[in-house]
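Labels for the chains are A, B and C, by order of writing; each one numbers its residues from 1.
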């Protein structure tokens, strides 16, 4: 069964710009996207900031009306059946807002349980269970204002599980968290998967999508540019090897020259502390190294590594080296 | 709407009321508005009107209590949706199966009941200052008037809270709406002192009729006719406010979903 | 001399900055609401309440009292905001880290609110003339101007003290509102001082504004400048005392904050 079905979904925002001469500018946030998420699947929506991930989630959670196209969640249309849908889905938006800071975590959950019409007898049992699930059992009675960002985020996840929704939308749940907090949160997401929830997760971290999701849609500038399993996405660069040169600055004319070679697919430079890494994708792999080195005559080069492409390399290739 | 839904809504109203109480108790702005300011107004009015004797003491108690009710209605109930927007919880509220208006009803009822503290406090102040317990002329009719007052203030709050969210410019003028209503509604002096052209304005404000009913049943008894008229006006205006309010709530939710304006970041 | 010019510049920069901040916070409509509509509405309330108590002949008593009370609005709230604003915006540590003369920095910020206060009183009296038939015909203009200036000075002194309190307590708006309303009662803006009990009269003697209001009533009724000079001198001294208390509190706060490293936490 399909938990989420999206057909040609599009959303345009109008913004007025300029003070004196007011002009209306149209911004296409989501541009004709289609995808499906299967029951019980953990589906990732991966893309750089501003790609249209949040707008998509808002439309799917009935918070925003699409400009055109249609979307169904659990078979219910997100515009026409918004009311019926709301009690069956849950969502979390990244960030610290949306909780009552002066109340304890427990009281926050109790209040939202009443808004979701959860029977008090049920919520008395469910709240402690959820606090435990997100690792907040021992802090539940403390005021939210004393929570760390990661704890607030996990409380949000507990909040969204109060009414036992079948489909969950997690919009950049690890944004702004420190590495430990992010790891704890990812563990919570894995626990949810064990509870047989259908989850749509958005993120701009490749490794997060790789570690959690069964399938990933890569979205850029409002369009889906690839949709596959993590393994499948890696085949986009399967035929290529990644050659990594440790360098200390590369003149742009050399980069141009490298790019011009027929056996070079992409050239990108990453800053790593005082050094840089020059990454070249090429089907020729290690055989290309001598030719490449000859072009970089006079440039100081450290280690040279030839390796298999990762999902990150696939992502870089898909979004055109901008990630 | 079935019994289960009603019970669920009832529970939401109760919890929302409890939340409003908890947050107001720690909010110094609220405490000033419903405790300090009405008490100071009462103190001043006791000294200004004190010579007029016992009847004026209860008049001041009721009148200053009404100022507390209005201040609370304007600033606390009026902000009950705006405030959720600031905390980022409005978006979550909209997405629950409970209509936002039900949650707001709970918060506003709680605010109105809390702001009755102004009246209780000025009553106590009167005893402390004058060493004399003011009495209510018509206790039964007064109680009915008070219940209708609570209802009509709640409806007024339900009307202005969506107005403030939909029109930030109006919200900026909030401060300037506090005293004019004190004046127009005859809380502390009869509106006969005002120029005639303001009278229609008074008539469309339910707090005016509330003040009239409460003053009439506590100290200025003029027969049942006047009280009945005030009650009828309160009920009629409250119904009108409710109708306008439900239209505004619909517009608010629709606009939020069209423009994504629920969340300010 | 160089030091003097330096301090003068500091004073003006503080003044300018606080004014820009004020207008950033208040949009034009809001400024009008705060400066014109708000004071008018509360004046109407108290004048009607007063005439209900003591008859319509007494309107000018309340009009004058409430027009001068308007000064306290700028004096207390405006000045507090311009000082407390630093704490809210997190710029306080930089302020304390600067070598500048704090007193100049501090009083410079009050200047624009002084002007606002003067404007408020004039607007208030104008409403009195337009709406309640207040007669300024017999008033000595010089004396009235002096009264308004002195009242502005003394309420700003109190505002500076409140502003310093705002660096210490979180509930400064609560304190400010309460002080403003207490002034409304005890300054005699709405009641003959003799009608208050002895303890109330004692309070009114140490507050700013009490003597300015009394002087304004006397001058508008035709009294001479010399008849109010003694009152105004005392009013000036009261303002000075609050100002000094505010300054000392400011220095103490700075010292404590540096000693305990609580600048950011406050």
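By our rule, a residue touches a chain if its C-beta (ideal position, glycine included) is under 8 Å from a C-beta of that chain, and two chains touch if they have at least 3 such contacts.
These figures come from a predicted structure and were not determined experimentally.
Located most centrally within the structure is B, per distance between chain CA means and the overall CA mean. Set against the Cα centre of subunit C, the chain with the most distant centre is A. Subunit B and subunit C have Cα centroids separated by 31 Å. Note on chain placement: the centre of subunit A and the centre of subunit C lie 55 Å apart, centres being C-alpha means. Centre-to-centre separation of subunit A and subunit B, using mean CA positions: 46 Å. Multi-chain contact residues of subunit C (touching two or more other chains): none found. Those residues of subunit B lying in contact with subunit A across their complex are 5, 8, 11-12, 14-16, 19, 22-23, 26, 87-89, 91-98, 103, 256-258, 260, 262-263, 265. Across the complex, subunit B meets subunit C through its residues 28-29, 31-32, 36-37, 40-41, 43-45, 47-49, 52, 169, 172-173, 175-176, 178-180, 182-183, 188-190, 193-194.
Those residues of subunit A whose C-beta lies close enough to touch subunit B in the complex are 13, 55, 58, 61-65, 83, 86-87, 91, 93, 95, 97-103, 110-112, 114-117, 120, 159. Those residues of subunit C that touch subunit B in the complex are listed here as 27, 29-30, 33-34, 37-38, 41-42, 44-45, 48-54, 171, 173-174, 177-178, 181-182, 184-185, 190-191, 195-196, 200.
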